[in-house]
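Next come two complexes built around chain A: one with chain B, the other with chain C.
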Partner chain A sequence: MAIRDDVLVVGGGLAGMTAALAAAREGASVRVVTDSESTLQQASGLVDVLGYPTPHDDADDAGNRTPVANPFDAVDALPDDHPYRLVGVDALRGGLSVFDDATGDLYRGGHTERNALVPTVGGTVKPTARYPASVAPGLASDDRTTLLVGFDGDTDVDAPNVAAHLRAAGVPFDVGGVTVEFPGDLDGTDQQTRLAHALDTDEDGVRRRLAERVKRSPKRAGDDVFGEGGDADDGAAVDGFGDVDRVGFPAVLGRARPRQVRDALAERLDAAVFELPPAPPSLPGVRLRYRLRDALREAGVAVTTGNPVVDHDVEPTEGAGGDGAENPAPRITTIYADRNGTKTPYEPDAVVLATGGLVGGGIDSERDAVYEPVFDCPVAHPEDRYDWSDADAFGPHAFARFGVRIDADGRVLGADGAPLYANLTAAGGVVGGYDAAAEKSASGVSLATGYAAGRTAVAAASSSHPTPTDVTADR
Partner chain B sequence: MTDEPQPHDDQDVQDDHHACSGCGSTDDAGDTAKTDGGTAVDDAGGGTATDGGAAVDSGDGFEPIQVFPEAEDADLRPGSDDCYKCSTCDTTCPVAEVDEDFPGPKFQGPEQWRLKRSEDHDIDDSISKCSNCMRCDSACPSDVPLSQMHNTARAQYVDEQMDKTSLKYWRNRLLANYGTMARLGSTFPRLTNAVMGNSLVQQVNEKLLGITAEREFPEFATETFRAWYAKRGGEATSVENARRARKRRGDDPDADKRVAYFHGDYANHNTPEVAKALVHVFESFGYAVLVPEQRCSGTPMFANGMLEDARRAAKVNVGNFSELVEDGVDVVCSCTSCSMALRQEYPELFSIPGTAKVAANTYDAVEYLRINENLDGELAAADTTTDDLGVDSFAYHAPCHARNQGLDGQTVELLSQLDDVDAEDVGDSCSGISGTYGWKTEKYETSMKIGEEMFEHMEEADATTGMTECPTCAMQMEHGTGYEIEHPLQVLEAALVDGATAEDEAA
Partner chain C sequence: MSRDTEVLVLGGGSTGAGVARDLARRGVDVTLVEQGNLTHGTTGRMHGLLHSGGRYAVSDQASASECIEENRVLRDIASHCVEETGGLFAKRPEDDESYFEEKLQGCRECGIPAEVLTGREARELEPYLSEDVDKAISVPDGAIDPFRLVVANAVDAENHGARIETHTEVVDVLVEGGADSSAGASDGDRGDVVGVTVEHHAGSGNRVHGAPGEREDITAEYVVNATGAWAGQIGDMAGVDVAVRPSKGVMTVMNVRQVDTVVNRCRPKGDADIVVPHETTAILGTTDEEVSDPADYPEEGWEVDLVIDQLTELVPILAEARTIRSFWGVRPLYEPPDVGSQDPTDITRDYFLLDHEERDGLRGMSSIVGGKFTTYRMMAEEISDHVCDQLGVRGRCTTAEEALPGSEHPARLDAAMDDFGLRSPIARRSGQRLGSRAEDVLDTSGPNPVVCECEAVTRAEVSDAITQSGSDLNAVRIRTRASMGNCQGGMCCHRMANVLSADYPEATTRGAWDELVDERWKGHRHALWGEQLSQAALNTFLHATTMNRDHDPAGRHPTGGNGSAPGDDAADTGPGAVDVDFAAFDAGAATDGGRPTDEASRGGGADGSRNGGA
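So, the complex of A and B:
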């Protein structure tokens, strides 16, 4: 017999995990099946909801755009087929509450509906709804004097350059950047996990030694932000450091014990300590993944990783194929996951598709067609492939909006606008109708559609069997 | 490498043929027949490679000209090209987290492969620091075959750059060929245990061979699993037991329910109780358990770059198991590294006929029962008490090779069906021993540093007993925490099999 669950989620990214948690909240038995480890490990760890509702219309002459202050107020400005318009702001609030419950003290931003502005490792300022606690002291809306620190040999964070970018962006605080050598044998190591491990375990007093190097560094900041420096060689704090209120580091401040690491550095520096949200790979992303995995475990969700879904069976419901309003859609009965060549069957009552977009592999294309590879859900796209993209690299690309269509409950729609299957919902990047990169809405759409899809899946599952599943029933 | 025709596989076949025609002994002939057993019509790729090799070796000294100089390595190019340098693999590498001199899987795989395109580049020494945990495989968002690249590079390193007269080479060879050692040890288990447990011998091992004296050498069982199986009447007994169980269960007594058990060396020589548990549990579900002749799965050989040793072992295993698979018999393993080897490493590295078919029909033993029987339901219905088990809580560690097969959640899910039994997952970290890796003096410290997180979580779990599927993870868990370690099959046996042990003891 196959492995049975009420709800099976295909895909383990933010959308899939949110759908799983939302479904588990309703009391369903839930399983997540994923092709590989979550790509949250590549994400910055920031959870955006909506930064630029009409990204291609509202740039000024210099190409600059102003982010929205409150994403919830801006939803009405979105096109009708945008996922936020379809599932509604209540689903978005629901998704955020699932996220907040799961992440607890690891994240900040839940105190307001307004966007926070977070300086990133690229020297830009990003509007975001939730941000790691490790990032919180670095917000751009804060006017405290800031020193950014990079490590010698780490090509990902060029601190003086990031500081210069932020000054050019007009942040309301003084900011300078320095490069220091990471203490001990680790100078020049570019493996983030190695540095994080050393800080986690305070290997050879590395926390203290790093803090001391940072304290001696401001006079080398190369600008007049911190005033004239003193003699660095005496090991005492130079004049300039007294002005520094907060210190930003590459995001390597611990994997297992990040708070302990930050607190220890802050105490020695007598300044607030934060991390710059990084480019991939990303420890804030790794921490988020671990935290959500723990939340799934606590919620009793089973997770099966490393097994792509390769096949499925469909059973037409009674009366399927008839006309009119009473035309029930067929049901997906069995899902097959590949395990190194063997096909493992699963028999869930409802399925959530959360396989990601074009980059994640949830949507794929050939020269003349765009398609959804798992269930072959229809994906609308222009016939002529030259219309798939815009001539302007940052222009309104059609491909950015490719994806499956869903209804207000997250059900996947067929070409005729009716649900494709009675028990299939979709969430996250696989859903079309939004330009995540330009709008800065990727995480919020995953949360909102994940919430809707997870709850609808539970309803679809319970409608398939009136009594709760009895595991011993068919012995 | 896949089952596509491989020039060096052709080479291998040629060598075999030379060996055969050279000595013409019946032994070799028998071996070849076994190896070719699966040729028939099965996986075309492997078949082609073998046939190609044989045809080329027509005995007239013809040597094919390599028209495309890079063709030999062409199959790793797409994988290398698929890498877009996100470095996610590096963040999941347990070795890179504790050893700054290890440049991580992205370098060892795609980057090193590219560097090797230029003739004057050696494989970097750091390849031997990779523990072959294979975590990078499932971390990669772009399906780069990292462990395949590592295995290939490591084999090339050992082949071309390692001094074959060095103690390190022979130490590695000895560790990799544990099965050979174990066969000797099992002949006089008590004597061997006494000798290996002797602290003077341990010091000699450490000083002379570089095998750490920090660890207790695993004890050999006084009776191997295979000896036990033969003594209880071999296949005939298992067939009869299964038939009786089917009758008792109300199933068709004449049904053809058979599995072929790949037990590997460790369950045979060191933990026969795990292998016996498998036999009892499968027989209770009505399956006859067959135990074809077999050698080591090859896992320690891959990890030590001894690819030719592994190929020889794989040939025997694939040959013997593919005959049964042809007959519709599935293969089950109790060790997750063994199942990993049969399912993933064999098809990636060898083009032995029958490999693909064996890979597609190999399962973890517990996974197999979950798919084909109502294992969860029967466990939930079993009125097992903690007294029956002697244990009320387990600290469970998922081996990396179980994780890579998507099996990491399985045991905790299953055991949650048992009332009164608590199984806590001690987290996603690697145990750090990685087979023979943590046995090497120069790797011991790294191994223990990697294991630190698991040790902490196990201690926090405050359980009665530790649990895992992998024999070397079990050694590390015991070594780092003092917990006694069980295999999930032993719990299934206690929960589901009535009096099996008593029955056997009586017999």
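So, the complex of A and C:
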């Protein structure tokens, strides 16, 4: 027998979870069906909204390469078919409020509309709208003297090099970097979760031992720690370290008890402690995924993992309804997910497609075609595959914008510009028309389109009920 | 008169490095200059086939006999560069039966061990071979790593006193005297070649990004022009005509080894007829198109499609397989002016030693053109004999007997690997790459983490390669294979830069990092569909989103290298640095110990309020 819900969300990443939470807020019964684990743990944990609205315009104009301080003000500079322009700034604000409610004290940044600049493991700074609490003391607009710590066995974070790069980027604080061996036999362990577990449980006094290694380290590294013109002092180690107001670590500071780990290190170092947003696999990304899963559970959203959607049924919509449309879009009636080789039917009233982009598998390609594999929604793309990418590694890649088209309500559009199905919306990476990597807009678009798609799905579900209520009225 | 060196070798490919090694071992003072990395030209852009000679057994039996002879030598002296894969000439029903018999007969006439397999036997060996293949000839083809081989030749030359200068471009050939040097007449005395003017793109010695270029005259008793497809350009500088006919061919790299044996199509010459297992990949080849400029020619998608579609007839799984990049090489073909072949596939693969004194009346220089990678050592020996005749040196060639550095102690290899705390697949791969040097390279005091997961390259290997080649991460790449696997550097380019930063300043590191990313992208673009397009999108997220390298306030390309043409550091600068108004951005909420106006909240000790607690 088919499983019935008001709204079925296909995909469990940031966009899908946002859509589910937004729909649940409206009182709908919601289910999330996912294939694989989401790509959240591949992401750094930062929630970018918009950093560079015109990233590929004239590179000689430094304005195009300078981050915007207020992402909401910058939305108008985006092209008309950008998802933010389509669903509107209100949907973006709505999505952020869903996110803020769900993440609570795990995240910061909601106190202001301005972007924060966060040091990256690549030694640059990046504009972002929400950042984990563990990252908060490390912001680049904060002028406190900073020491970055790397671990000898960690190839991703080279603290002296990150510090030197940040100095080259002109950050307004003294910053140095040192490399220490993680205590115990754990250095060289390439699993962040193993180091995080040791810190969570304070295995063999690892918190104290790590702090002591850090306090001793500036002496060993001598004058070079803070580069030329820095505040480093070649006197006793503790004197040199005494100038440090905050200490940044690779993102391994606890999985289960991160705040306790940071507090313990901060107390021993007498400095604020923060994490650098990491390259994958990312513990901050994992923490976010767990927190959002908790939020889904609290909101009563059912989650079914490991079941790819393999088929669906469609039926024509009877009659023209009240709006006089001659050919109303058909409806998706049944979704089939594969469960260990069995096709499990779901009969939701509305469907949200949130399967991700090229990375997540929501958009796929062959030598001569780009397509959306679940519902075969049209995906516009140049004919010649050499036009899919730019000759410059960071150029204006067409592939970055591949995805389905949506309207202002998040409905998926057909090739003719009319809704493809009456009850199908889309959110996140599967939506096209924006260059998430260059704009630094990936998470924000997921939140904005997730919010719009979730609410529209509720309205579509309601309108399919025998006694429809006008849910769209308060939109 | 006193010259800087006895012999100056132009070109750091297999031929040049082989000549430098040979002469250095004979006690000759040698200097080698190369415009890019070692293997920058054709040598670094081949499919890695160690010929058995089978390919030439019908069309060119002299070459075939040389191939099998040198094949045996290289298995011996370069065992750490060679994988003894074996090879097959597979016949489909539509392929000519009599050609199959000719091939078999030819192999036997040339002393190439050859055995006929039924289709079933061939598929037992290579399960992905097409069901249509009705029979095959088994020959001792192999796979060889050209990078490792050339580096080993250069290291051996250095060990015997040679000077090796990479990223050093010849900008003029110095000629003294000559009756009619400006008239261009074909007869008469054109004088003596006494050396060359070079431009060191990043100073002499190992390359350092950002180091200023400088010019140097290097004088020599004798000059060997071993620049392959560039030999004509060197000839022009010396006023002699060397009519190289460069011909391009594509090689498409697959993500895994669909075959473990070299698979050739058994038919007369043709495009797209070979699959070579190479390290973790399989390389499909190739096409044959004459080009006018060896450094500037179109790399076209139809060539990629052609090799995949054609070779799918031999190995059907290739149709669905993932390719990770494509690259093109230029064959330095040469034929004497009176032959006049129209089709480049008709031009002989034989090599020619052009003594410019004999040929053009220009003393002190010879050019070596044409030829094959597999017979590089034999060519080098003949050139070295010729040079020694000219110089009156009586050294004996030892290159066929003495193992190359890394291959001296093959027995030590397997035994030593467990000692370094490396997980076994990584240890095996490291051992294969380093050969008998493994013990020295991997013996580090601290942790030795893996830098490149796709190719299982550890930090100690990367450090070792940096010691050898300076700040050039592309040179590190060809020595270690780091960044050459499935992700094409997505996960490891920044890690390689991190290793570099231990020895070089940040700006130098950043330039080398940019150049590596750009070089990887150049070949990756030819594989962008399916999983590899998804990989490219992921790489963009890692580099642009996670690290914001595309909008680095410190700028990209601080030294200008664009990766596409090593050495042209001054060309093509990327977006420069920008000044960011940090004060305009969120400095954190006061409760997070951000930049509070209330000093009390930051001075109060470790109360949890300063690190995001509260």
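Keep this in mind: the second predicted complex is superposed on the first by the 435 of 475 C-alpha atoms of A that agree within 3 Å, B and C clash if a C-alpha of one lies under 4 Å from a C-alpha of the other, contacts with A are read in each partner's own complex, and residues count from 1 in each chain.
Note that in this section a residue touches a chain if its C-beta (ideal position, glycine included) is under 8 Å from a C-beta of that chain, and two chains touch if they have at least 3 such contacts.
Bear in mind that the values here come from a model prediction, so they are computed numbers and not experimental data.
K.L.:
Look at A:Asp270 in the shared chain and tell me whether it touches chain B only, chain C only, both, or neither; answer first, second, both or neither.
P.N.:
second
K.L.:
With both complexes overlaid on chain A, does A:Ser365 touch chain B (first), chain C (second), both or neither?
P.N.:
Only chain C; A:Ser365 stays clear of chain B.
K.L.:
Determine, under the contact definition given at the top, whether A:Gly170 touches first (chain B), second (chain C), both, or neither.
P.N.:
second
K.L.:
For A:Pro280, using the defined touch cut-off, is the partner it touches chain B, chain C, both, or neither? Pick first, second, both or neither.
P.N.:
Both: A:Pro280 reaches chain B and chain C.
K.L.:
Tell me the contact category for A:Ala459 with respect to chain B and chain C: first, second, both or neither.
P.N.:
In the superposition, A:Ala459 contacts neither chain B nor chain C.
K.L.:
Check the residue A:Val303 against both partner chains and state whether it touches chain B (first), chain C (second), both, or neither.
P.N.:
Only chain B; A:Val303 stays clear of chain C.
K.L.:
Specify the partner with more touching residues on chain A, choosing between chain B and chain C.
P.N.:
C
K.L.:
Could you tell me if A:Ala2 is touching chain B, chain C, both of them or neither one (first, second, both, neither)?
P.N.:
Once the two structures are laid over each other on A, A:Ala2 reaches chain B alone.
K.L.:
Given the touch rule stated above, what does A:Gln42 touch, chain B (first), chain C (second), both, or neither?
P.N.:
Both chain B and chain C are touched by A:Gln42.
K.L.:
Could you tell me which stretches of chain A are touched by chain B in one complex and by chain C in the other?
P.N.:
The overlap between the chain B and chain C interfaces on chain A comprises residues 42, 280.
K.L.:
In the complex, go through chain C and note every residue touching chain A.
P.N.:
Chain C residues touching chain A: 301, 305, 446-451, 459, 491-492, 494-495, 497-499, 501-502, 505-507, 509-510, 517-518, 520-521, 525, 528-530, 533-534, 536-538, 540-554, 556, 574-575, 577-589, 592-595, 602, 605-606, 608, 610-613.
K.L.:
Of all residues in chain A, which touch chain C in the complex?
P.N.:
42-44, 48, 51-52, 55, 59, 62, 65-67, 69, 108-109, 111-112, 114-117, 120-127, 133-137, 139-144, 152-158, 160-161, 164-165, 167-172, 181, 187-188, 190, 245-246, 259, 262-263, 266-274, 277-280, 357-359, 361, 364-368, 384-386, 388-389, 391-394, 397, 399-400, 436-438, 440, 442
K.L.:
Of all residues in chain B, which touch chain A in the complex?
P.N.:
86-88, 90-93, 96-100, 102-104, 137-141, 143, 340, 343-344, 347, 356, 359-363, 367, 370-374, 376-378, 380-381, 403-406, 408-409, 413, 417, 425, 428, 453
K.L.:
Could you please specify the touching residues of chain A with respect to chain B in the complex?
P.N.:
1-3, 33, 36-37, 39, 41-42, 185-186, 189, 191-194, 196-197, 256, 280-283, 286, 290, 293, 297, 302-307, 337, 339-342, 344-345, 360, 471-475
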